[in-house]
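Next come two complexes, and both contain chain A; in the first it sits with chain B, in the second with chain C.
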Partner chain A sequence: MAANVDTAAQEAGENTLIPLRSLLEPSAFRDIVVLYESTLHKTMEAIDEAARRGDTVAIGRNAHDLAGLCGQLGSGRATALARRIESACTDGDGGGASALVPELFPAVAETLAALAELAR
Partner chain B sequence: MAKLARRLPDNVEGEFYVDHSCIDCGACRWIAPATFGERGDLSVVVHQPTTREERIRAIKALIACPTASIGTTSKLDMPSDDALYPDPVEDGVYHCGYHARASYGAASWLIVRPEGNVMIDSPRFATQLIKRIEALGGIRTIFLSHRDDVADHQKFRDHFGCERIMHADDLGWNVRKVERPIEGTDPVQLDPELAIIPMPGHTKGSMCLLYRDKFLFAGDHVSWERDADTIRASRSVCWYDWNELLRSMARLAEYRFEWILPGHGAPGHRPAAEMTRAIREWTAAEGVKAVLTRN
Partner chain C sequence: MTETATRHVLLVEDTLPLARSYTEFLKTGPYTVDHVETGRKALNYLKRSMPDVMLLDIKLPDMSGLEVLERMGELSPHCPVVVITAHGSIKLAVDAMRAGAADFLVKPFNAQRLKIALANLFERLEITGEPGSAPRLMVDESTSESDQPDDGSFAGFIGSSPAMRTVYRVLGAAAASKASVFITGESGTGKELAAEAIHRLGARRDQPIIALNCAAVPRELMESEIFGHVKGAFSGALADRDGAATLADRGTLFLDELCDMQIDLQAKLLRFLQSETFRPVGGTELHKVDVRFICATNKVPLEEVAEGRLREDLYYRLHVIPIHLPPLRERGEDVIELAEYLLAAAALEEGKTFSRLADDVKMAFRTYSWPGNVRQLQNVIRNIVVMNAGDIVTMEMLPPPLDRIVLPRSIKAVG
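Coming up: the complex of A and B.
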């Protein structure tokens, strides 16, 4: 499974925000970036809390959202990890999903750092 | 690790180069300004180091680079301890180097003092750095300026058993708990030399740390604009509230300091009166802009 994550990281997709930067007014673009930043934090918070209370359904639902968010931002590693967590939840493997959550932390931190890079 | 095959074409020919993995954090440009410059949205080598000092600075930039995007065409001879981190700034204050990608290459700092060393924000947990910090007396306290620049804080906590300080409003999934959470916006005097100044704006729980009324460890609240020779704050990466940041900045003008040691960008060093004036002028100008925008 780790190989899938590595492959996904190497094949990170396009960041869909990049074309918007030249199309939008700076203030409008900034608003979008801020929205992504706060949504990433809220989604990670929801995943972490769901993992702490063992709520597999909530982990899976939020991992699905996170995979979408990180996919839009071209973050291959975070997207692949979120998909693995979602898949584990779908298979009813709550323990496996929760065990993967800590791996998300550095991957999402890098996604947030890339978002800051885009905003600067 | 930098790859010669991915060397950016704008590098000048020679030993040092930057490859395509650069994220433009700018760390190399302030650590070794004689060697690294900006081309487009990336850093490149604009001048190969020719003196011993330039070469040492270039090696420090290589070590600090959060994405290992700086390489050399041949195996590097490390020139003694001069090129290693922590790198002295002044009066027992050090730059830790080893910037972390997860914090967009933010800098972290170390205060070495008899009362116990303080690390400001977290670098990568690198073996060479750990050994040198141990030789300097370890770490008693980690001050985390805000939630973005926390990198390997847990590993440092586990290794050194140090107390972590962070604002309660910035605790969350990436830092769930610290030994000493700070509440509210009132300043906290840790001891006669160290004061915590909550500065909401960039994030709700952003804080600065003031040491000996001389060094301001600024996190992402305020940085130093080297070309314009003044301070700045970034609205484009203000995640919480710009108007709140302006109010925080106005409060910051009440403090005395000579150094701004920011998370991102070059340190700034000016007489305290000039720092105060820079903060006041910037706050007034941005305040006018904010009012005009509202109207």
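Coming up: the complex of A and C.
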């Protein structure tokens, strides 16, 4: 399914946190990174649980949040997948949305790895 | 905006990391920020306090940003709002603008984008007194008394309708600034005249205004038309040639039908706007100029952004002072003022004796929708004057399609 994701949307965007690294105290910057990390974990858990329950509305709502978070971090693949899942939910295609969820885990893992790198 | 003025921002965003990012972005500029996570908290906040601007996420957990916009009208009608929308939701942003939002930002955005949007907003507020695209009246003290529309005319425009008086005031105020101006309006409403008025009334009046119609110049020549070229840049480039950017140095560059400019050239135009430097086609040397930008379109810029025909970042850069020229059908009695003015001018030029319009002709003019606006009215009047003789313009003299207008019997008598 990943091959279907719009190529343009997969392009890595700008990680908008990078300029903040040089502007903020290291501890303040780490706080932001930790906030992103914990919210990404919580949102992924919420999507996973909602997919198990077949709760299309909750999948869509959390995918929307995830797209916003990953977009801000310049993670093209995770953003594009989250948008596709949100779009499927909006169209009432819960099955299609749930089928994409497993692909989201490795994509968000990449995002988390990039975040961890940024915090070093 | 004034560099040192600190503005207070109310940020309404339920995704905490995003809220934290936006807050840090703003803190690198002259902003203080209060953050709330829900629409209800935002409305409660507005009962107690008045921020300089509200940054409002459209998708909130308890209500939509559109509902917040509606409900805040009673609490803080003068608080400008910039809505934050997700990628692919620009149609929602258009709805928000219609509901009174001053501008929009599409996620994701960086610190620079956010600060440009707010700086543009506050610049608009200072210049026009209105954050949105339909500025309310505000007299600008730097505009001379003779520029004020006391007699229903202003810098080449004719008409004293409230809509046009608003336009005159904003034109006068915009002339005193170097800020970019984005003129919108249907064909024939006077966009080029508005651009010329801004240039003529401003400090650059003694310098050139260079106009380029992005729809009229062939695509392959457009870059050279704007930035010029060096000898040998392409076949036919037999010598170095200055483009509009160089010719407009210290003056004004007017880009008409901007939305028709090809998207890759829009990227180059954006770089030019940001840096005021450019390279001629085929050249290596950077040229620096001082140019004031005015652009115009007969399309709806936000819809063009939504359709991917106008770069969103270019829109942000240019949309500092929006001026909308109303269509003639929304200008009330202006159609008669204009017709009489044009009649006198055409009669003088053609050596005719026409001096007034019959009452039923006036009614026909008021009834007709004028899809071609003032330009169409101008052509109709010229046609009447050339093709007829007499002192009064009568219904029989009207060219198509005005000759097919059916008026109520009670006003058919010639005045």
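The rule is short, and it goes like this: the second predicted complex is superposed on the first by the 112 of 120 C-alpha atoms of A that agree within 3 Å, B and C clash if a C-alpha of one lies under 4 Å from a C-alpha of the other, contacts with A are read in each partner's own complex, and residues count from 1 in each chain.
The working rule: a residue touches a chain if its C-beta (ideal position, glycine included) is under 8 Å from a C-beta of that chain, and two chains touch if they have at least 3 such contacts.
This is a predicted model, so every value here is computed, not measured.
*Asks:* Taking chain A as the common reference, can chain B and chain C both be placed on it without clashing, or not? Answer clash or fit.
*Replies:* Overlaying the two complexes on chain A (C-alpha atoms) leaves chain C and chain B fitting together cleanly.
*Asks:* For A:19 in the superposed arrangement: first (chain B), second (chain C), both or neither?
*Replies:* After superposing on A, A:19 lies in contact with chain C but is clear of chain B.
*Asks:* State whether A:82 touches chain B only (first), chain C only (second), both chains, or neither.
*Replies:* neither
*Asks:* Contact-wise, after the overlay, does A:97 reach chain B, chain C, both or neither (first, second, both, neither)?
*Replies:* Neither chain B nor chain C is touched by A:97.
*Asks:* Just chain B (first), just chain C (second), both, or neither: which does A:32 touch?
*Replies:* Once the two structures are laid over each other on A, A:32 reaches chain C alone.
*Asks:* Return first, second, both or neither, reflecting whether A:67 touches chain B, chain C, both chains, or no partner chain.
*Replies:* A:67 contacts chain C only, not chain B.
*Asks:* After the superposition, just quote the angle formed at chain A by chain B and chain C, using C-alpha centres and rounding to the nearest 10°.
*Replies:* 140
*Asks:* How far apart, in whole Å, are the nearest Cα atoms of chain B and chain C in the superposition?
*Replies:* It is 15 Å, taken between the nearest C-alpha atoms.
*Asks:* Following superposition on chain A, which residues of chain A contact chain B and also contact chain C?
*Replies:* On chain A, the chain B and chain C contacts do not overlap at all.
*Asks:* Inside the complex, what are the residues of chain A that reach chain C?
*Replies:* It comes out as residues 13-14, 16-17, 19-20, 23-24, 32, 35-36, 39, 64-65, 67-69, 71-72, 74, 79, 83.
*Asks:* Tell me, which parts of chain A touch chain B in their complex?
*Replies:* Contact set of chain A toward chain B: 26, 30, 33-34, 37-38, 41, 44-45, 47-48, 105-106, 108-110, 112-114, 116-117, 119-120.
*Asks:* Which residues, counting only chain C, touch chain A once they are in their complex?
*Replies:* Touching chain A: residues 15-18, 20-21, 24-25, 28, 59, 86-88, 107-111 of chain C.
*Asks:* In the complex, go through chain B and note every residue touching chain A.
*Replies:* Those residues of chain B that touch chain A are 23-25, 101-105, 148, 150-151, 172-174, 176, 234-239.
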